[in-house]
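Next up: the structures, one after another.
The two complexes that follow have subunit A in common; it is paired with subunit B in the first and with subunit C in the second.
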Partner chain A sequence: MTGLHIEQVEKKYKTAETDLKDSFALEPIDLAIREGEFFSLLGPSGCGKTTLLKLIAGLLEGDAGKIRFGDKDLTHVPPEARRFSMVFQQSLLFPHMTIGENTAFGLKMQKVGKKERLSEAKRMLRMVGLEGYENRFPEELSGGQQQRAALARALVAKPRLLLMDEPFSALDPGLREDMRELLSGIQRELGVTVLFVTHDREEAFELSDRIGIMSDGRLLQVGTAMELYEQPASSKVASFLGLKNIISGNIRAGYFKSEDNGMEFQTIHKMADGRQFLILRPETLRPIVSNSQAPIGSVRFKGAVSKLKFKHGAYTAQIQAGNLQLECALSRDEAEKLEPAQAMELYVNQSDLQFVEH
Partner chain B sequence: MKRMFLPLRICLSLILFLFIGLPFIALLISSIAAGWQWPDLFPETFSFRAWEYILVGSSGTWQSIGTSLLIALIVMIINILLAVPAANALVRFQFRGKRLAEAILFAPIIIPPFVAVMGIHLTFLRLGLTETILGVVLAHISPTLPYMVRAVMVSYSTLSTDWENQARMLGAGPIHRFYHVVLPHLLPGIAAGASLSILISLSQYLITFIIGSGQVVTLPILLFPFISGGDPAVASAYSLLFAGMAILALFSLDMALKKYYQTKNPSVLKVKGAKR
Partner chain C sequence: MWRKSKPYLLLLPSTGVIVLLFFGGLFDGLLKSLGYFPAIGENQMSFIAYRDLLGSESFWESLRLTIRVAAISSLLAGILGGALAIALFMLSLSSKTKHSRLWQRLFQLPLTIPHLVAGYVIVLLFMQSGLLSKLLAAAGIIKEINEFPVLVNDAFGWGIILAYTWKEVPFIMLMLYPVLARIQKSWRDVSRVYGAGTFRFIREIALPIMMPSWIIAVFIVFVFTFSAFEIPFLLGVTYPSMLPVYSFQLYTSGTLAERPEALAVNIILAVMTIALGLVVYYFSKRWKITKGWQ
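Moving on, here comes the complex of A and B:
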């Protein structure tokens, strides 16, 4: 058995004021991370993802559960002996040490000789693009450089697992993208297992092999970016992933009826009666123009264009269909034929309809 | 601030001189005066009798300076060893009786040392600690420790536990964490506390007198009889010597700190220098 295994780990916090009530709890969580994998925990702030990370690091002690790496039980092993490594939101470079000494710190703790550890630090710094900075002090570096040095320091001792707690969130957006690329390249080159915590879904989607979505101390869904996007387990996951067009409604006798009664159609999906959420991905909504015909059996809507937005080389149209606001992704050709307030018809293939229960 | 209005600068310098410089000049003159009586503005005759007495005579001055410095040094070391864990606990942990512990630690600042020393004296008599340097050292701790704890507490309160967590995640055990991460951050606070500890210990008279019973002779023990009515010239010379000793002690502490920073991180010194 390889990789990190988290079994039924839970943690309750008590605040001073409400001594008896649990102010915050991490529900029992099971999770397995494969060796060499880039795994992200994605969730809004305060959802418990940093708590989970600290439990895995050993900086917090869980109330119950086990943490194993490979065959070793690490639950009661202190953090310094777990051979994990961590990059925090701030770079936390020791101010009284040079960048070289900072980077070599992990090796120094493992009692590696001075010459060897400094040359290893140098190699690591070259990898993160900080060649020649060995003798500078942290305060002489920019924010991005400091975070690179922190990354080099975390990797130098070849950790079994690299934990990262929103490491790029304090950086400028442009810099953040550079750092992502750097991290991604280094992770692949060294084959290190990474557990990455972020609230930025773009970051998680771009970097990760698999993503775990967290909310309110619960792990809602785990999967690859594609799986999550195409088969969200719940409307909560869907809305957190930034999916548009989440319509709540009910299924009765094979018919879906939206809650505001603005939409009703027959589905070919065989589903039990009851409350359902319909998710329409923007790119599956297709306009019906004069020379095209909707495929037979597809679901049709009538609506009016309320707004056209141009973003990242593509168009999105806000379409008012009854009481519903739908978002629809359009190509340039399609968008140029539309005018604001124009009435139009849209269709969705039955196979592109996604239903989630809660 | 740099380009202060010139007359104001002259004025402030003058006040500084009047309050700090002038008393020293008066002391200097008094120490070499052979009788300085009212209403003379300056003494009529000068002699180096007082200096000769304290420096080359059989007054035991040098030995008392040695004793003073030795006691101050040991007190400082014990204070550091006590204050660092105490400050750590007081800043970082919540525990029952924390307020009480703080109150007891800081009480010697408010309560006159005489009160405590009477009790300590009795106990030390039983333990046989009176008339010994060890006894005096222990008695000096009570008025000096609060300042040390205070200074180290300030240092601790600006040290986020994130730093230690980071070191932990890099594989550093408790000793390494303290030595490589905590201590460098505490050092300025420790230095400030140590300076105060040295100064206060050096200037103790009453406590040394009672616990040492005249057998532990520090410089203030020699100095006081001359001030209270003996020989003003000798008292003046002793006062100057005392000031010199204190300044020398602080200066060497400063030099040691600078040397530490020079070998560890010259840039810290650079930043500090720029701020001055």
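Moving on, here comes the complex of A and C:
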């Protein structure tokens, strides 16, 4: 068995006043991260992702559960003996050490000789684009350069697992993009296992092999970016992933009826009667234009264009269908044929209908 | 013009007093140490007092004692103060903030006690007939109080060393703790993740960060101990006496003709203090001890 295994790990924080009422709880979590994998924990602030990361690092002690790496049980191993590395939101370089000494810190703790560790640090600094910066002090570097140095410090120690706690969130957007590319390239080159914490969907989707979505101390779903996007397990996951067109309704005798009664259609999906959320991804909603026809069996909606938007080379239209506001992705040709307030018809294939229970 | 000179004019009364009392006194002392003493008809300046002083065995004995006492007490205070500051800091890192504050206040208590009182405390505790010897005798550890070592009014200066160490440890802590408090808790996390246990964290992170302030704090204690009067006067012996006491003895018990020598002792003390300050400044610059930690 290789990689990181988290089994039923949980943590409760007590309130300062009473010690009785729990202010936050990380529900029991099971998770396996394969060796060499880039895994991201994605969730809003305060959802428990940093707590989970610190539990894995050993900086916090869990109330229950086990943490193993390979066959080794690390649950009660102190952080200094786990051979993990961590990059934090701030670079947290030691101000009294040069960039070279900072980078070589992990190797020094591993009792690697001075010459060897400084040469390794130099090699790693070259890798992150900081060649020639060995003798400078952290305060002489920009924020982005400091974070690169922190990355070099983490990688040079040859960690079994690299933990990253929103490492690029304090950087400018352009710099963040550069750092993502740098990290992605280095991770592929070195094959290091990465556990990356972020609240930035784009960042997680761009970098990760798999993503775990967290909310309110729970791990809601784990999957590849595509799996999560196309088959979200719940409306909460869909909503956090920024999916539009989440419509609550009910299934009765094979028919879906939206809560506002504005939408009703027969579905081929086999589901028990009861409350369901329908998720319509904007790109699956197709406009029916004069020379096209909706495929047989598809679901059709009527509405009017309320707004046309153009963003990053992509066109979208907001369609008012009854009381529902739907978002529809369009090609340039399709968008040019539409005008605000224009009545239009849309269809979606049955296979693209996504239902979730909660 | 008025706006520019206003701050200086407002500062004039206080600077005037400082210049008059401090530099004026120093200058007057320098003139008198050079033999310029119109009150006794001496209007010529010479280095006779310095020559006599440097040729006197009593002066060298006093200087040796002064350096020994100042060095040992400042080092002891430095080591103890540094260790306690680190202990308090580690306690605060372990998130027992309340305990850490309580201990900090407790350790700061000696700061509130005047040096003269501290001297009497040492007398009462460490004299052969003091509390400690009586307790040891009562516990049967020593047979009679006479067996208790002479720690007060002893030739080596242990009583003075004890008093200064006890009094200056909180001062060192007061200087160091704010510096250590600037160390982020996250650095402890970083160092742990990269393999540093408590001891290595102290050695690699806390000590180097604390060192510049530690050197300055120990230097201040050294200079203070080097030129302080009341504790050596209370807890020292008549011969050899520490330099400030030696100067006082020369000034009060000798004739008017011996006063230049007494003042020469003070000038030498001042010159040595300035020289030591320059040495510390030179090395602190050379070692770049504040580099990277602004």
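Definition applied: the second predicted complex is superposed on the first by the 357 of 358 C-alpha atoms of A that agree within 3 Å, B and C clash if a C-alpha of one lies under 4 Å from a C-alpha of the other, contacts with A are read in each partner's own complex, and residues count from 1 in each chain.
In the analysis below, a residue touches a chain if its C-beta (ideal position, glycine included) is under 8 Å from a C-beta of that chain, and two chains touch if they have at least 3 such contacts.
This structure is a prediction, so every number in the text was calculated from the model and none was measured.
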item	value
Fit or clash between subunit C and subunit B when superposed on subunit A	clash
Subunit B versus subunit C as contact partner of A:168, first or second or both or neither	neither
First, second, both or neither for A:92, with subunit B first and subunit C second	both
Which of subunit B and subunit C A:84 touches, first, second, both or neither	both
Which superposed partner A:256 touches (first subunit B, second subunit C, both, neither)	neither
Common ground on subunit A, meaning residues reached by subunit C in one complex and by subunit B in the other	57, 59, 78-81, 83-86, 88, 90, 92, 94-98, 105-106, 109-110, 137, 139, 153, 157, 163
Touching residues (chain side subunit A, partner subunit C) in the complex	54, 57-59, 78-86, 88, 90, 92, 94-98, 105-106, 108-110, 137-139, 153, 157, 163
Subunit A contact footprint on subunit B (complex, rising order)	162-163, 165-173, 176, 180-181, 184, 264-265, 267-268, 271
Subunit B-touching residues of subunit A, taken from the complex the two chains share	57, 59, 78-81, 83-86, 88, 90, 92, 94-98, 105-106, 109-110, 137, 139-140, 153-154, 157, 163
Contact footprint of subunit A on subunit C as seen in their complex	184, 186-187, 189-197, 200, 204-205, 208-209, 291-294
